[in-house]
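Mind looking over this structure? Questions follow.
As written, the chain order gives the labels A, B, C, D and E, with residue 1 at the start of each chain.
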Amino acid sequence: MDKNTQTEIFFGPNHPGVPGNYGINYEFEGDTVTSARANAGHLHRGFEKLMEERIWIKNTALVPRICVEEPDINEMVYAMGFEAIGEIEVPRRADYIRSIILELARIQGHIFSIGGNAAGIGQYTVMHWGTLTRDYLLDIFEEITGARVYHIYIRPGGVRQDIEDETLDKILDLMDELENERFPDLQKALFENPNAQKRWQGKAVITKEEAIEMGATGPVLRANGVPHDLRKMMPYAAYDDVEFEVPTGENGDAWDRIKIARDDMLQSIKIIRQLINKIPDGPVQADLGNGLKYKIPKGDAYVKIESKRGEYGYYMVSDGSLKPYRVHVRGASTPLGLYGVREFLPGTRIADVPVWAKSLGICPPEFDR
Amino acid sequence: MIDIIYRIGHFVLITVFSMALGLLFMGIARKIVARIQKRYGPPVYQPYLDVLKLFGKDAITHGFIFDFGAIMALGGVIATLFFIPLGSWQLYSMEGTVILVIYLLAIASLGMAMGTVGSGNPQASVGISRALMQMLGYELPYLVILFALIYRYQTSSVWGLMQAQAGSFLNWNLFAYPLMAAVAFVVLIGMMGKKPFDSMIAPSEIGSGPVVESGGKYLGMLLLQKSITIIIELALYVNLFLGGAENILIFTFKMLIVWVLATMFGSLFPRFRIEDGIKFFWKWPLGIAILQAIYIIT
Amino acid sequence: MNNNFVKGSWQEILDWAQNKSINMLHYCTGCGAIELPPTMTSRYDMSRFGIGPAATPRQADLLLVTGYLSTKTLRRLIYTYEQMQAPKFVVGFGSCTINGGMYWDSYNTIKQLDKYLPVEMYIAGCMPRPEAILDGLLKLKKMIADGEADGYQRYQDNLEYYHQNQEAVLGEVQRTQ
Amino acid sequence: MLTNYIFIPIAAAFIAYILNKRNRKAGAVITALVSAYLLLSLTALYGRWDITQSFNLSLMGYKIDFLLAVNPLSWLFAVMTAAISILIALFSINSQENFKFSSVFNLNFLIIIGSMIGIVFARDFLTLFIFWELMTWTSFYLISAGKKKMAGRAAYRYIILSAGAAYAFLMAAIFIFQQTGSFAFDSAAEFLVANSPAQSIMLLLVISLPFIVKAGIFPLHIWVKDAHGNAPKEFSPFLSGMMLKIGIYGMIVVFYQLSFFKIIENTIAYRGLPLLSYLFALLGAVTIITGTILAIRQEDMKKLVAYSSISQMGYIIIGIAIATPLGFSGSMLHLMNHLIFKSTIFLALAAVIYRTGTTKMYEMGGLIFRMPLTFAAYLTAIIALAGIPPTNGFISKWVIYQALIEKGYLFLAIAAFFGSIASFMYVFKPLSTVFLGQLKPQHQNIKEVPLLMKIPMLILILVIVLFGVFPGIQMNIINQISGYLGIETVNYTLYSIQGANGAWNSLLIFNIFSAGFIIALLLFSFAKKSKLVGLLDTYSSGEYITDAESYHYAYQYYRPFDRLFDNLAAKSLTDFYETLTKNLVRSGEGLRRALAAGKLQNYALYSVLLFVILAAVGWII
Amino acid sequence: MRNEKDLLQLMNAHFEPLKLEIKRKQNVSVEFKKEELIQALSFLKSHSYRHLSTISCVDWPEEGEFELVYHLFSYDDLINISLKTRIKRDPGIFQTAKEIWPVAEFYERDIHDFFGVKFKGNDNLEELILENWQEIPPMRKDFDTRKFVNDKYEWRDYNGQKHTD
């Protein structure tokens, strides 16, 4: 690094433009980034060690706190891992409720990321509207699970409690309100705004080969026209009973990724409506005996589901005892946050670094664990 | 001697009045933006409390140039107040005040630039280089407009230009040359650094740019400088295009209208990148300004 | 402006002004930070009480420690805290800052925040809700108005105690010159 | 009587050369003494415009007389030369300790001063040409004495351009001599007026060629950057301060004394201005724009200031070319102010180079703490150059703006506005990269420059502020000049100038600015005292700054702005000239191979043939 | 479009895997000897298994071995294959997969941080997540967190009684 011509900037932990508690130390020359390094590890709490110290049911309280933007995804993968090793059959109604919760979580995650991206380029009005819309979804979660963000609702073997019918009607009303009032506002304010398009078009481009080589999935891959979605490829919960398309983009830049986030939300609304119409009756929790004595035979499994940022997987090993032997968390933005920064950030302008970081959905707690 | 005391008293009165008015306008702007974002927003007198708190806080300095920059910025802006007729208050209707005001504002920005870069933070230097580039961007169309106005009314003093629009509101420049007034409005937004053109203090890109190291009383002085700059630029716009006013109340009301429009205009646009900002200023506004000037000259 | 004159009635005015306009540092240290956007934006709107975000420690008065603190974040938090200027306050969110909370047996998070930084108040809730945050901040404003919020004074007075605790956990810590 | 102003410096030059061989400082001391003497005696000359001196020489049957005379214009230039040379001599006394060629430097420097005064007092073409060539050759040696490799190439380009233009000037002068029988300006003036307009315009254009080259006007400005960039650091202020102005002096002589304006009176006019002089004004405008854009791009501070000199010269040319009283006095004001603040900038930068040894801006930073006075000098000078009110820079620009607006020249005004606003950018770049920001480790123990180098900077700062507040001092000499050249004068008082539609009062501005400053100072000291903190304790978003050197933004300071002009700058004029010379050489080579083919008798044949042709041509004319 | 059985036959044909197992629909796990794993990775990558989800490491202190698990996925066969291998615990050295998947460099750095496994060929193995960590790598089974936390941090005592006893 030639000290005279290059300046080092700490896009570090305490910086308004960085997504969460995470840092990028980059050098730039003139106004183009020349080299960058990820400065991760600020949120490391050693989840995997803590999980080995607790019995199976206690971990359900610990697991949603891994990634704060998508707590339900963690609960679902943990439950699926437990059921995969123990070959436990989950009642059909629980599958439906799980899918409803996951789709609601996907909508609130996408609105939050659209708001974050808009704030990155200075469009604070859309951030305010987005967070307001997200709050209505948190109210619905509060009604179903009793908590706004960390729900601890999806448990191994099913779901903690049933959803009453009027809650389902409330969800349907909310879906109509989202589709007819909230999203058209965002559409006019952000997606038909020439400045926003100019700020995002052609920025932070990740091509199809780079994404696959790096192991990046979700909107980063789908922005290049590749309709890979785990809900279609490896259907879990109740996704085999619903039809929906997988939105894709063409040239893999920030503008396509944000449009995919918007189309994803519209698809989720369609899925929720189908799920609520076809929800069967029946128990919501498989009979596994006393919660404190959950035990599954020796074995291991790698389970993964489609979070809003891509493939989110756990590798779980059990040695037949009361506690999990080993749980390895694979966050959706791990390749991008650590490797992608060093490979693909150099070459962007300083003004586009926040656009780069936020549009690729880097969520630091996933790889800090 | 009496005249000197009267002048000094008048001078201090105008400075305090425009600081208060500027801060009130900033409070109103925050309220409007809050309402657009569907929330209450801070009370209208919030900027007064901010300034009072900031002057009460401790502060750090990075040496002589850091202080000198802040003082020169505020001093330059207060000096500019002298030459702008606020309604009927006019201390010096001297010649050439139009061009003088542009250059006096340059003192303020040079002072702030020197002070903030003196803090040794590269993010401040990047912010200042963007501010200077943007200044070149919006200053060119503005000076072409001034050139046309001075040539049209054959006087280069703001007072003279204001007098030239006396009589019915029909011969305000807003109606006489609507295109020029529109270009001046866009330039006004650029000059005040409001939303689409605030890439120099972009918090998410360069951690709030030049003011990165200014805490306590330095931030207070920058707020006061910003408030007076708002009043100066609005007063210039009202004098040149809305025909000034007989008394201060009508003048403040006109300034408020222009200010509210500028705030609303900006609150829905994300921020330009700096080279797109310059290109924007040099494409449409400069083109229209030159066409208008040619129309006036021939 | 020497200090004893400041101590008199002028200090009340400053305290009054300080509690009317607080700048909160935009540093999301832990998981509680996800509840800050709803509090700052349209629905719960923290700015109607005069509390707004600030980008850098120089402009900030209030440091929110939102949830657990890993040792790596604590080292940077101390450096940021010392860069902030005098009337500064620290508010701890949730049980993780009181006794380690859910991560009581984690090898990488600190268990008691007030051994390393002077804390004005804690807000309960494993990630407190926006209403709880607003209620806490309103109490903080009252404390500032009455002049009880003197955490920065306590930090200056027993600097040695705090620095010892910090070095015990973190090894060497970078100080501001 | 006038001759001793010319021959004393030239004689002293040889003494200085010999003395300097033994004691390094002697040369500079002698230069300082001589220029002090010149300054005193020239100021004593003020007001006596009737002194003339002439002596004649008969050569091959022709009676040639050399005329010297003093008039307000030439007096002003002579005083300016003397003033700037005394400051530079003082500065270079100990700034040249480790400079190999200091004795050669002083020799050439003194000869240049003598020849410049000679040019300015000359009243006929021959003396003008002799001293012009003397000045060009000595400055050629001085430029090539700079950085070895680069200076050589720059000096060649400079000498080729100047020599070509000078010989064209000589041809035109001889042609006029044949028509009028004498070289004097006045006789030439009557002849040109009587002559057919087309031919006299052609003659005057050829005569003004060397002046255009020396003034660095647009098409022929390419030598300025390299010459300034590579000349020794003491000579650059003189080069850009005075040498560019001599070109302007020549233009004024051509426009007024050789009555260029009277000749083109009746040609087609654009908005009341003869097209040809409007063309000159356009050339000036283009000089401003190219000079500014290229100045913003430079990474070497001397080249940056050189380009800014070119763009400031553009203002002066516009002022003269539009031929209105306001325009002329504005350009003369700007001429004097530019000399003052440009030499301050160059002296400040020379002080920085003397201490750090490098001219590249990104290799320096944070020098304000080590060299506060140099910073103060540089700051005042750039406030003047940017044209900010309390200094003299603003007044001259304001008068030029008044002149432009009065006549409504839109495109010239746009170029002028662009030049002055963009000057904030390239003026602030060295300030922020060299003086502010983080200090480089290798510059930790730099001290302020010695006393003898501080004095010139202090004097210049005082002069900037003095002329900023009381422009009247400059105006009375300018009015005498315009009276001498036959332009109506602009009325003025000690601190105000009458613009197109109203007077301008600079003392009032100064008072108001200081009042505002005092109020801000009061407000500042009212709040609590702030704690001094080191430069490394700055916002770095929580991380630790390990090495200060990389935490400083200096390289490509205005990259986004330069990107807009990348393709324009790429097609710069120097490549155009390079290609021109390349295929010129190739075609010459082809011709030589085809004709001579190395045999001896061919050469003899061709020389005879040539002789015959020449004889025939001589017989026809 | 192979199904699970075709995939296992393919493995058997080209390598001698120690254990083959179909865990669930679209999920297969194969165990290899230490030497064969890297060839198996590049072989599978050329056969449409181009997505490397992650590299996990499990510590078996009783058998004195680390178990490295490479999770691959194919966008054509839509099958998830986990390649396992066992390496000795005390030297804990394995070849790097950096040449095949450059992103593996960071997964290996992460495993080095928490388990202390050294990967030959991956030169920058400095700390990624932890910061100047002196004890043994924390995720190993023989690292007792309760004791470590006890002496490094002291819990808040509520009038004499710690909330954790």
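List of remarks:
Everything that follows uses one rule, which is that a contact is a pair of C-beta atoms (placed from the backbone, for glycine too) under 8 Å apart; a residue touches a chain by one contact, two chains touch by 3 or more.
Keep in mind that this is a model prediction, so the values were computed, not measured.
Touching subunit D and subunit E at once are the following chains: A, C. Distance from the centre of subunit B peaks at E, each centre being the average of the chain's Cα atoms. The chain occupying the central position, as judged from C-alpha centroids, is B. Counting contacting C-beta pairs between every two chains, the top pair is B-D. Comparing the centres of all chains, each the average of its CA atoms, the largest separation from subunit A belongs to D.
With centres defined as mean CA coordinates, subunit C is found 30 Å away from subunit A. Subunit C and subunit D have centres, each the mean of its CA atoms, that are 60 Å apart. Separating the CA-averaged centres of subunit B and subunit D is a span of 36 Å. Put simply, the C-alpha centre of subunit A and that of subunit D have 65 angstrom between them. Residue numbers of subunit E whose C-beta contacts span two or more other chains: 130-131, 138, 143, 145-146. Across the assembly, subunit B contributes residues 37-39, 56-60, 122-123, 126, 203, 207-208, 212-213, 216, 273-274 that each touch 2 or more other chains. Shared contact sites, meaning residues of subunit A that touch two or more other chains, fall at 7, 12-16, 31, 41, 44, 46, 49-50, 53, 128-129, 132, 368.
The complete set of chain-chain contacts reads A-B, A-C, A-D, A-E, B-C, B-D, C-D, C-E. Chain contact summary for the complex, subunit D toward subunit B: residues 366, 368-369, 372, 375, 379, 383, 386-389, 394, 398, 401-402, 404-405, 408, 410, 413-414, 417-418, 421-422, 424-425, 428, 431-432, 436-438, 499-505, 508-509, 512-513, 515-521, 523-524, 526-528, 530-539, 541, 551-553, 557-558, 560-561, 563-564. Of all residues in subunit A, those touching subunit B in their complex are 7, 9, 15-17, 31, 118-125, 128-129, 132, 189, 193, 195-196, 198-199, 349-354.
Against subunit B, in their complex, subunit C makes its touches with residues 13-14, 17-18, 20-21, 26, 41-43, 45, 47-48, 50, 52, 55-56, 58-59, 61, 85-87. Subunit D contributes residues 526-529, 533-534, 536-537, 539, 542-544 to its touches with subunit C in the complex. Per the touch definition, subunit C reaches subunit D in the complex via residues 1, 6, 27, 56-58, 76-77, 79-80, 83, 174, 176-177.
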